[in-house]
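Take a look at the structures listed below.
The following pair of complexes shares a single chain, chain A, combined with chain B in the former and chain C in the latter.
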Partner chain A sequence: MGKFDLLDHELVPQFRIMAKEEIEQLRKSLGVRKEDLPWMLKSDPVSKAIGAKPGDVVEIVRKSPVAGRSVAYRYVVPG
Partner chain B sequence: MSFYELVKSIKSIRFGILSPEEIRKMSVVNIVTADTYDEDGIPIEAGLMDRRLGTIEPGQKCQTCGNRVRQCPGHFGHIELARPVVHPGFAKLVYSLLKATCWNCGRLLLTNEDVDKYTILMDRYRRKWPQLRLRLADRVIRRASKNTECPHCGEHQYKLKFEKPTTYYEEHKEGTVKLAPNEIRSRLERITDSDVKLIGLDPQIARPEWMVLTVLPVPPSAVRPSITLESGIRSEDDLTHKLVDIIRINERLKDNIDAGAPQLIIEDLWELLQYHVTTYFDNETSGIPPARHRSGRPLRTLAQRLKGKEGRFRSNLSGKRVDFSARTVISPDPIIRINEVGVPIEIAKLLTIPERINSYNIEQVRRLIENGPDIHPGANYIIRPDGRRIDLRFPKDRKAVADAVSIGYIVERHLKDGDIVLFNRQPSLHRMSIMAHKVRVLPYKTFRLNLCVCPPYNADFDGDEMNLHVPQSEESRAEAGVLMLVQEQILSPRYGGPIMGGIQDYISGAYMLTRKETILTREDASQLLARAGYSGELPPPEINEPKELWTGKQLASLFFPSGFNYSLKSNVCLKCPSCKKEDCENDAYVVIRDGKLIKGVIDKKSIGAGQPESVLHRLIKDYGTDVGRDYIDKAFKLFLAYIDSRGLTIGLDEEELPAEAKREVLEAIRQAESKISELIDTYKQGFLERLAGRTLEETLETKIMQELEEARELAGEIAGRYLKETNTALLMARTGARGSFMNLAHMVACVGQQSVRGERIIRGYMNRTLPHFKPGDLGAEAHGFVYSSYKDRLNPIEFFFHAMGGREGLVDTAVRTSQSGYMQRRLINALQDVRVEYDLTVRGTDGSIIQFKYGEDGVDPAKSDHGKAVNVEKIIERVVKAGGG
Partner chain C sequence: MSEEPSEKAETKEETETETETKAKAKAKAKAKASASTKAKSEGKKPKKAKETGKEEPSKEAEPAQPLSDQPSPPKSRNEEILDSLLAKYSLPESLVVQLKDKTAGLDLTADQLSRIVEETNSAYIKALIEPGEAAGTVAAQSVGEPGTQMTLRTFHYAGVRELNVTLGLPRLIEIVDARRTPSTPTMTLYLDEEHRVSLEKAKEVVARIERIAVENIAKSIEYDMINSSFIVEIDAEVAEDKCLDLDFIAKSIEKLKVGKVSVEGNSIIISPETTAPEKIKRLRERILDLRLKGIKGIKRVVIQKEDNEYVLYTDGSNLAQVLGVKGIDTTRIYTNNISEIAEVLGIEAARNAIIREAFQVLDQQGLDVDIRHVILVADLMTSTGKIRQIGRHGVSGEKSSVLARAAFEVTVKHLLDAAAHGEEDALEGVTENVIVGQPVPLGTGIVELFMRFSKDGS
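Up next is the complex of A and B:
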């Protein structure tokens, strides 16, 4: 089997590492610490693909059958 | 007497392992005797029931703390084990520790660089991701275990084997050697504190060597009380029995060691001691036989006391018992409102509500006091402002007591009409399983409930019992009344629609009333409306000549609010390819305009329970729960009044088909049979085409099944053609009141194929189902096809096959309920304190985010329009109608 980019697969949503200021804004708007966001392991295939490091926050944009477009965030932790 | 002075609040909890020193420090007696009491029933000194372990008999003073039974908390003793044994609860961790450390120098099998790296990492984890600490510790252990040579002392590391529950072997070249617990303990002792930290333990409170016991704590006697039977024979607790075993073996081991017995004997006793200690902690440890009582019953030791449904947690800590509750059989009452619950007088006289006397209610309350506990609107107790209770059962002259009360007294009065109570039916699977009702005190001994609340409780009246709870404070009553009242729960969050609504006769009645041919005289119409509680004017009659007549639709219209518009297809709709809508000749298209039922019949689709997008649903969404409740209370009574006046019965002769129809049914089945024998022939000749993914035999089976299924459907269709329009069962099936067309076909035409595990019936004898058939017979009759209808009666063979299929259904339901019950329990435990915050995020108790927007769209399904926040079509329809009309 040849190599493929898992981010290209149609079932894989869009991932993006957020900038510091964006994270700060998100944190403020939700009123939480970074650690209170859902976690994602550094060893997750997606983390590896986009090069996320512990401490990063990843934005996920999904197509949702109920909401059309839904945005979620993940806090990257080591492991 | 007061414990309250000692109450402190818990800030944090830290779990650790008891060290031998700690065990000795908290111990009040070293127990060396395996006996409990002597012949006179006096506890033996240094025995398992030593007086210093705490008092258990009333009047006795504790030898340790001097307190009496209630105050003495009990005190621990200890047993000095002659040889150490592994604590079975830590056996697995001990294995990991042994594998990860050097047997010689006791250091972690990692290079200094690695140790430094992991120390730094561990430090960072401790600060930033404390939850991940144990994962890292796992990684450290896994890394270290891989090393076969100690980087510190250079010793070769032997392979270790762990045999459950508590044995460890080392694989030397010469063969495997069993590791004795004292050897294990000394290895664990050698592990340095800094290495222990890397493994994820805190050496201050959990040194590894403490996982191998040298001293065993003996719980206070209050934990394992002995009971005296009527015959005067003392019976000891299971834990005491187990401790007796431990002490007995321990003493024997000690004696043998002192006497210099051979190593073999000592090892045997040692292993026996390990066995007893293991079963003392957990008598269901896998790999060893459970310790048994003399009677053969397995002992209930420490782990068993805590575990499972009957364990300390689920039974004693989570299991709450309450006052002010009642339970009895339920029965239906179509007259009371859906918000009400009928409470028997006898129960109303036992359940009370505390009412504070004020200047407004003092006269009524005085009357209640005079009535006392035995006459219904009465009272059971008076609480004076100083907190003293007066029991109204005893005073001879209650009149005097009534006169003596004044403002500020509290009276515990009987339940009366209109009080708010909580009503519940187990299993409480969703929030509608507990709803607030208003009390209606009634004679007789059952709780009465309106039939429309059966679906949310999933109740029927074949002996169901329900519970009732009386909130005792103003706040709780207000809260229950606003949030939990039945009418507030009509719309279910499970699906966008009303969970309460018409069932069975309500639907039949509504249909019969609203169909075209129903016309009523002034007398009939008035009678029906009176029963429904309608007190307005009769509308102008639809027909004036030859006499005044009203249609059923007119009466049904009276309960819609004016201005209410809606239209839908009813359940009787034939689903024609192109809908003629208002011109439907079956009257199956319901049109309500300005609160008047213009066209269509009311049936399950309009008022049925659990029907989204129904008339009822729209009514509640547009006009609120008060209007919805009122509609159910009144209009539904009209439907019942009509069905009462007409009567709805089903008889044997209604399920009779004309001879002609019977012939047709028979013919349909014969044709299927001949097709099947053709199939069998082609199969036997080897010409059958194999279906993808099936064997030849499976192909044949599927094809036969298909054929028979079609035959049954055809039979049903034929039957349907010949059934009269007036057939009651057909009416109920069409309106959705009860039963399906298939049920009807089973009764009149043909029951059809019986199945077990989704296949035709094949079990029984070798190559045949019953001795009545030839081996290898593949025909329909031989594999559970029932030719007869229920009306025509089944022959014995058919009956037997039918019973086989029926049994499978019963077993399936039994299995499913237990499985889904367990799943429900686990889901509830996992989700119980998840909640939606005001910003529509879903969060756990610590504020951690689980969903960024509830359900991704933030829509409450109970308030939504069939899952969507808005129903654009309906809005357009309404706007257009308003503009055009």
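Up next is the complex of A and C:
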């Protein structure tokens, strides 16, 4: 049996750390600051698994019962 | 059915080709080419041939065709056109799938398809929530009203399952209050390929996780006043069933470091160093509660068969430990302890778990609450990266406005604190403005003049 990878779990959606330019683009299209996005802690197991640092923005692709697939973002904060 | 509509469609299609975008034209040209070849080969049925498109798997497709085309799910002509049309709009995936499903097999021209997509898009835009809509209030009402109809009792599963899980309003309150541990923690464990099909293998896994303490296998425990020692009589049958032998038990007890341990027949004799009645009493508890095997917190495991696989339900939850046990499908492991999920799988998983748990509670009671309301609650609870309860110590208690907090609970304390600290209220929220008698920032009232002093708005 392989080692447990939490990113494989059915409750955990797909995560991706966004590039600087992408964040800028996102910020413009949403008209909000990075800090206004929902947060994710640096100590979150997923942050550790994907290596996200405070200041990063992660793109989350969720399976949604209503929309099929929905994209959300979280801003990584210290803690 | 006459062939006229099909012919009409075809001529229409032809006249349109000039005005269409390159991508569409290309897709269509491809489709047409195949359609015409098919029409030739199949003679009388041009419509049917076109409808099936070139790749759609159907009985009528020539045996050679599936081989020549790509093996992945084949795209019909409609689908191809839809794809090029949909690129313009940002429709949610579920709508796209529905569009494709409904149009599949229908004989539609590109123009008709594009109008369908346009119509869908405008209906979608109309259905979107408008800026200024009180989504939170609507969600609160939508969850709150059915909540009044929920039963207060926790009911027991009849028969086989033997596990009692809190349901109904108490459970919903537990979820929303973000309690550290639910009153009835339980896990659902799916097994890996090797263990899921046979009962024997499933039992092996149970043996690995079920917590066995001395009290579970002891027939009796007595304190012998004369020799000042404990006599623990082990139920040999039970012990054997749980794969434990006396020596192992004795050794485990020895690790408690309470005194000499010896085995005599079916009994284990422990001679503690102290004789103080108080300590003896406490010692008795410690011995009985000693974990011999299994995982801390997992009190009982029930095996159930669910469509060809064995699933384990546990009484008690310990996600972090159970993850390490061999034989468990770690991608589907589930617990109703949401804070455990947040700890081990992260905040997004916890969000999903909140939605799942809360929706399940409402669903079991036969209450038809739209899942989007539940999703909003979960989003709010997890927006800071930690699970916050909805209530005094969480969402409601962390509002920036003094008046809004005072309006919720413990009014005097908030007003007093605010006065002592010289707090100000910017009157930005709904509650504050209701209190002072101003128009609330909701609906049309949300529009305000807004100036940016720097270009980038930071």
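Following the convention adopted for this analysis, the second predicted complex is superposed on the first by the 76 of 79 C-alpha atoms of A that agree within 3 Å, B and C clash if a C-alpha of one lies under 4 Å from a C-alpha of the other, contacts with A are read in each partner's own complex, and residues count from 1 in each chain.
Keep in mind that, in the parts below, a contact is a pair of C-beta atoms (placed from the backbone, for glycine too) under 8 Å apart; a residue touches a chain by one contact, two chains touch by 3 or more.
Model, not experiment: these values are computed from the prediction.
Student: Which holds for A:Tyr73: it touches chain B only (first), chain C only (second), both, or neither?
Tutor: After superposing on A, A:Tyr73 lies in contact with chain B but is clear of chain C.
Student: With both complexes overlaid on chain A, does A:Pro38 touch chain B (first), chain C (second), both or neither?
Tutor: After superposing on A, A:Pro38 lies in contact with both chain B and chain C.
Student: First (chain B), second (chain C), both or neither: which does A:Val61 touch?
Tutor: Neither partner.
Student: On chain A, which partner's contacts cover more residues, chain B's or chain C's?
Tutor: Between chain B and chain C, C touches the greater number of residues in chain A.
Student: Based on the superposed arrangement, let me know which partner A:Leu11 touches: chain B (first), chain C (second), both, or neither?
Tutor: Second partner only, chain C.
Student: Could you tell me if A:Val46 is touching chain B, chain C, both of them or neither one (first, second, both, neither)?
Tutor: In the superposition, A:Val46 touches chain C alone.
Student: Could you say whether A:Ala19 touches chain B, chain C, both of them, or neither, answering first, second, both or neither?
Tutor: It touches nothing on chain B or chain C.
Student: Do any residues of chain A touch both chain B and chain C, and if so, which are they?
Tutor: 38, 64, 66-67, 70, 77, 79
Student: Quick check: in the complex, which residue numbers of chain B touch chain A?
Tutor: 121, 125, 128-129, 132, 135, 839, 841, 846-850, 852-853, 855-857, 859, 867
Student: Spell out the part of chain A that touches chain B in their complex, as residue ranges.
Tutor: Within the complex, chain A touches chain B at residues 30, 32, 35-38, 64, 66-67, 70-73, 77-79.
Student: Going by the contact rule set out above, which residues of chain A touch chain C in the complex?
Tutor: Within the complex, chain A contacts chain C at residues 1, 4-6, 8-13, 15, 31, 33, 38-41, 44-47, 60, 62, 64-70, 74, 77, 79.
Student: Please output the residues of chain C touching chain A within their complex, sorted ascending.
Tutor: So the residues of chain C in touch with chain A come to 92-97, 192, 323-324, 326-327, 330-334, 341, 343-349, 352-353, 356, 371-372, 375, 379, 382-386, 457-458.
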